[in-house]
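Okay, so subunit A shows up in both of these, paired with subunit B first and subunit C after.
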Partner chain A sequence: MSRLVAVAANTFRETVRERVLYNLVLFALVMTLSGLLLGQLSIRQDEKIIKDIGLAAMELFGTLIAVFIGTGLVSKEIERRSLFPLLAKPLSRGELFLGKFAGLAFTLLVNVAVMTAGLFLTLLATAGRADALLLAAIVPIYLGLLLVVAFAMLFSSLTSSTLAAVFTVGIAVAGRFTDMVRNLSEVAPAAPRWLGPALYAALPNFANFDLKDRVAYGDPVPATVLVWIAVYALAWIGIVLGLGLAAFRTRDFQ
Partner chain B sequence: MPENESRPAIETRGLSKSYRTGHVIQGRRAALQDLDLEVRRGEILGYVGPNGSGKTTTLKLLIGLLKPDRGEAFVLGDPAVSRSWRYRAGYLPEHPYLYDYLTPAEYLDYVGRLFGYPAAKRRERARELLALVGLERSANVPMRRFSKGMVQRAGLAQALVNDPELLILDEPMSGLDPIGRRLARRIIVDQHRAGKTVLFSTHILTDAETLCDRVAVLRGGRLLRVGPLGELLRLDVEHMDVLVAGLSEDGARLPDVDRVERVGDRLRLQVREAGLGRTIVGIESAGGRVLGVQPVRQTLEDYFMREMGGSAGGVGAWGEG
Partner chain C sequence: MTKRLALLLLALAAAVPAGQARIEAELGTPTVQQQVLYLWSGGHVKRLFPGFESIAADLYWLRTVQYFGSERRFAREKRFDLLRPLIEITTDLDPRLEIAYRYGAIFLAEPAPEGAGRPREAAEVLEKGVRNNPRSWRLRQDLGFFYYLFLHDPDRASKVLLEAAELPGAAFWLRTMAADILQKGGEREAARKMWQQMYDQSEEGVLRENAKTRLLSLDSLDAADHLTAAVDTYARRFGHRPARLEELKAAGLWNGPIADAARVPFRYDVGTGRVTVSQSSPMWRPQ
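Our next item is the complex of A and B:
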């Protein structure tokens, strides 16, 4: 366990020293603050617009961080061979893989926390109050980001960092349009009828993590909904990480 | 003595590995075939062979970076796949890439954490090792600013963090300047003196010649020979090299001289050992001065050139050293 924590701590250090991380977080905060301008253009809608834009920025830039840093974490290690000396130490491949996931999960947690603080401060400055209900949308966003990281690590265990990024973005996008995927035969009549339902079953439904509109409108979110979202996310993360781990443990490092 | 302690430091039986080639039409290329090798405890074994002969593949199979097609390997008495021997061994990969966002002090601290050392011990060990490899003044410089040689030194340091019984070094002199090479040689010799086992691969034959108790020669993925240098090479003197001044080339063509070569304003004579005395008298009688006499024995390179002569990918790959 201490080795896993050591890998996670080093991964966190690695990611916080990535310049791309700061650029993305800065972008997200700027986008949140831009809600202030847009809010002034619409009558009595400023608070909702700030929430909408703030949550959307958190999801979009969080996904970009998860994809680009997540794919780099494993595939860069393999391509640059920096894992060679580490795997000669008493460190198993599983500990290295899961430690990297834990490190990036913590990095994303810190990023989401920074973006949440930025959103709350913007709301305090405009509406005079920070809505704690926003957390009901932010927690599912974070769980969705963890699932994106799990996919990024799975793909980067199997292929190059570029292809891993393409596949991960593909899953993250397709997973947000699963209803369209299910009815694929209506959109693309030439496609086999079984393909849509098969893809629907194989893809995680990222729309399940999207409570942004509901929270922005002030609709309450029952605790049971959040629990089910957490169970759904953890089940998917477990499956995807398990597949990634199996690929990472069995592959040759030439 | 526990059973494991009496076993060789490294033992392989029938170890074989092939790589997939081609994307469309797939085939396999044998990188290592039926390797039976023993590295004895306390020895320095040089693992030599031209590029592509299977040296790095062997070391990666031992470390577990590659899975063998067949055969088995044991390190410090334990199966190579197990974790236990890794507490007692150090490994330096070929052309190591260490995290360039870390300083060497941070990297060594990280490695120390993987061994479960407490913070004070990690700090102490990092200080010692950075001094040993001559990086104490760069302890807090990110490794992205390091030259190749400095990274190699940091790589050597990380291999020594746990004061290992066994060092597995893949081309340890690669990328090092002459000072760095001398340092790496000194580290290997010091480890040997302390009773440690060293297995190092190299294609620089002079390194193997000056450092090793035994040498294993690999060609085309097969072990050609393994043994003490004295067994591999003919250690009796082949001829004497005599360096002479004040003599013309014609004047140097004495009965026991097989070859005359001009080196600046001097001559180097290749003299048969039995006729050395007569030749020296002859040189002095003709007005020349003998500046130096050196016995010449067969080198590992001579041996290797003889063994590899004419084989594909053999001789041509031995550019250095």
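Our next item is the complex of A and C:
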């Protein structure tokens, strides 16, 4: 366990060194400027627009970090051959793989936490109140980001970092079109009837993690919904990490 | 050599504007590139931003406001061609964005040059808003107001206002207003109540300014009616109508200004004795 934590801590330091935190500076700038400008431009929609921008930026920047750093975590170690000295140490492949996941998960947690603080501060400065209900959208966003990291690590255990990034983006985008996938027979009548339901079951539904709209309009989010979203996310993360781990364990790096 | 080159350059420099002028004379003067909307369907835009429809709606709403403002302020022809598609895309992306229906309808309904002068389309926008937000009494209230104020359909307006009154949280006066507008002869008073409500319900900005102008316009119509009555009194007293409205003041029949709320003098027809708001005044509205 301590070895896993050591890998995670090292991964966190490594990702911070990748200048991920520049993203936070950009976020802070976007939020401040939007807060200052939008009240003038949008006719009474400044608070909603700030919430929309804050939540969308959190999801978008988080996904970019999850894809591009997540795919590099394993495959770059392989491409640079820096993996071999690591594997020579008393460290199992499982500990290394899961430790890297935990490290990036922590980086994303810090990112999301700082962005949340930035969003709350902007709302306090412009609207005079920070809406705690926003957390009901932020937690699912974070869970969705963890799932993206899991996919990024699965693909990077199987192929190069470039292809892994392409596949991960593909999954993240396709997972947002699940309404079309589910009703595939209506969109593409020539497709076999079983294909839509099969793809729907095989793809993670990223729309489940999207409560931004509801929260921006102040609609309540029942706790049971959040619990089921967490269960859904953790089940998917478990499956994908399990597959990634299996691929990483069996891969011949020679 | 240098002198010759300089002369040649001068001659060529003179030829450029002359050539341009000839080309423009033949092909016409180039005009400013019209604003372009690349995607006309809300459904298509929605597919481009999966999971980010709300922020896309915000961007389209900002563009709608900017488009309306720039067209109203700077455009020569003030055609507002893109206004309806922009409102449609915004509300397709975020069907709950009430502000887009309410302000969009005002932008569309107000007569040119203040708006697009398309009240039927404005009512359609509000009808869409009511369909997408069946629990919103404000949208239904606005739809009722629009039927009355812009489409001059009191029966339909009254029906919609009664529907609005049934919704939770609805204002208590909606029922009374629904009844009032069905009474003949009280049109201006009903209109005044509606614009007063729009003024009270809106914050500083376009909607409030518009409602204020409308209220001042109704005040100006009242003043014109009172002046017409004063002209009648003058005619009865002196056996002829006054040649100019200023004579009413001299006769002690009028002590207020003989201009409307925008300080534009009223139009006076000596032949009929009618005083009306001048068409050149910002207070003038088609009746």
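Convention: the second predicted complex is superposed on the first by the 239 of 254 C-alpha atoms of A that agree within 3 Å, B and C clash if a C-alpha of one lies under 4 Å from a C-alpha of the other, contacts with A are read in each partner's own complex, and residues count from 1 in each chain.
Everything below uses one rule, namely that contacts are C-beta pairs under 8 Å (C-beta built on N, C-alpha and C of every residue); 3 or more make two chains touch, one makes a residue touch a chain.
As the structure is a computational prediction, the values presented were derived from the model and not from experiment.
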(request) Look at A:D52 in the shared chain and tell me whether it touches subunit B only, subunit C only, both, or neither; answer first, second, both or neither. (result) second
(message) Quick check on the superposed pair: does A:D213 touch subunit B, subunit C, both, or neither? Answer first, second, both or neither.
(response) second
(request) Would you sort A:L87 into first (subunit B), second (subunit C), both or neither based on which partner it touches? (result) first
(message) After the superposition on A, what does A:F177 contact: first (subunit B), second (subunit C), both or neither?
(response) second
(message) After the superposition on A, what does A:A6 contact: first (subunit B), second (subunit C), both or neither?
(response) first
(message) Identify the residues of subunit A that lie in both the subunit B contact region and the subunit C contact region.
(response) none
(message) Under the definition above, what is the set of subunit B residues touching subunit A in their complex?
(response) 19, 60, 63-67, 83, 86-87, 89-93, 95-99, 101-102, 106, 110-111, 113-116, 155, 158-159, 168
(request) In the complex, go through subunit A and note every residue touching subunit C. (result) 38, 41-45, 48-49, 52-53, 56, 59-60, 173, 176-177, 206-207, 210, 212-213, 216-217
(message) Which stretch or stretches of subunit A touch subunit B in the complex?
(response) 2-3, 6, 9-10, 13-14, 17, 80-82, 84-92, 250, 252-254
(request) Write out the stretch or stretches of subunit C touching subunit A in their complex. (result) 50-55, 58, 61-62, 65-66, 94, 96-97, 99, 103, 203, 205-207
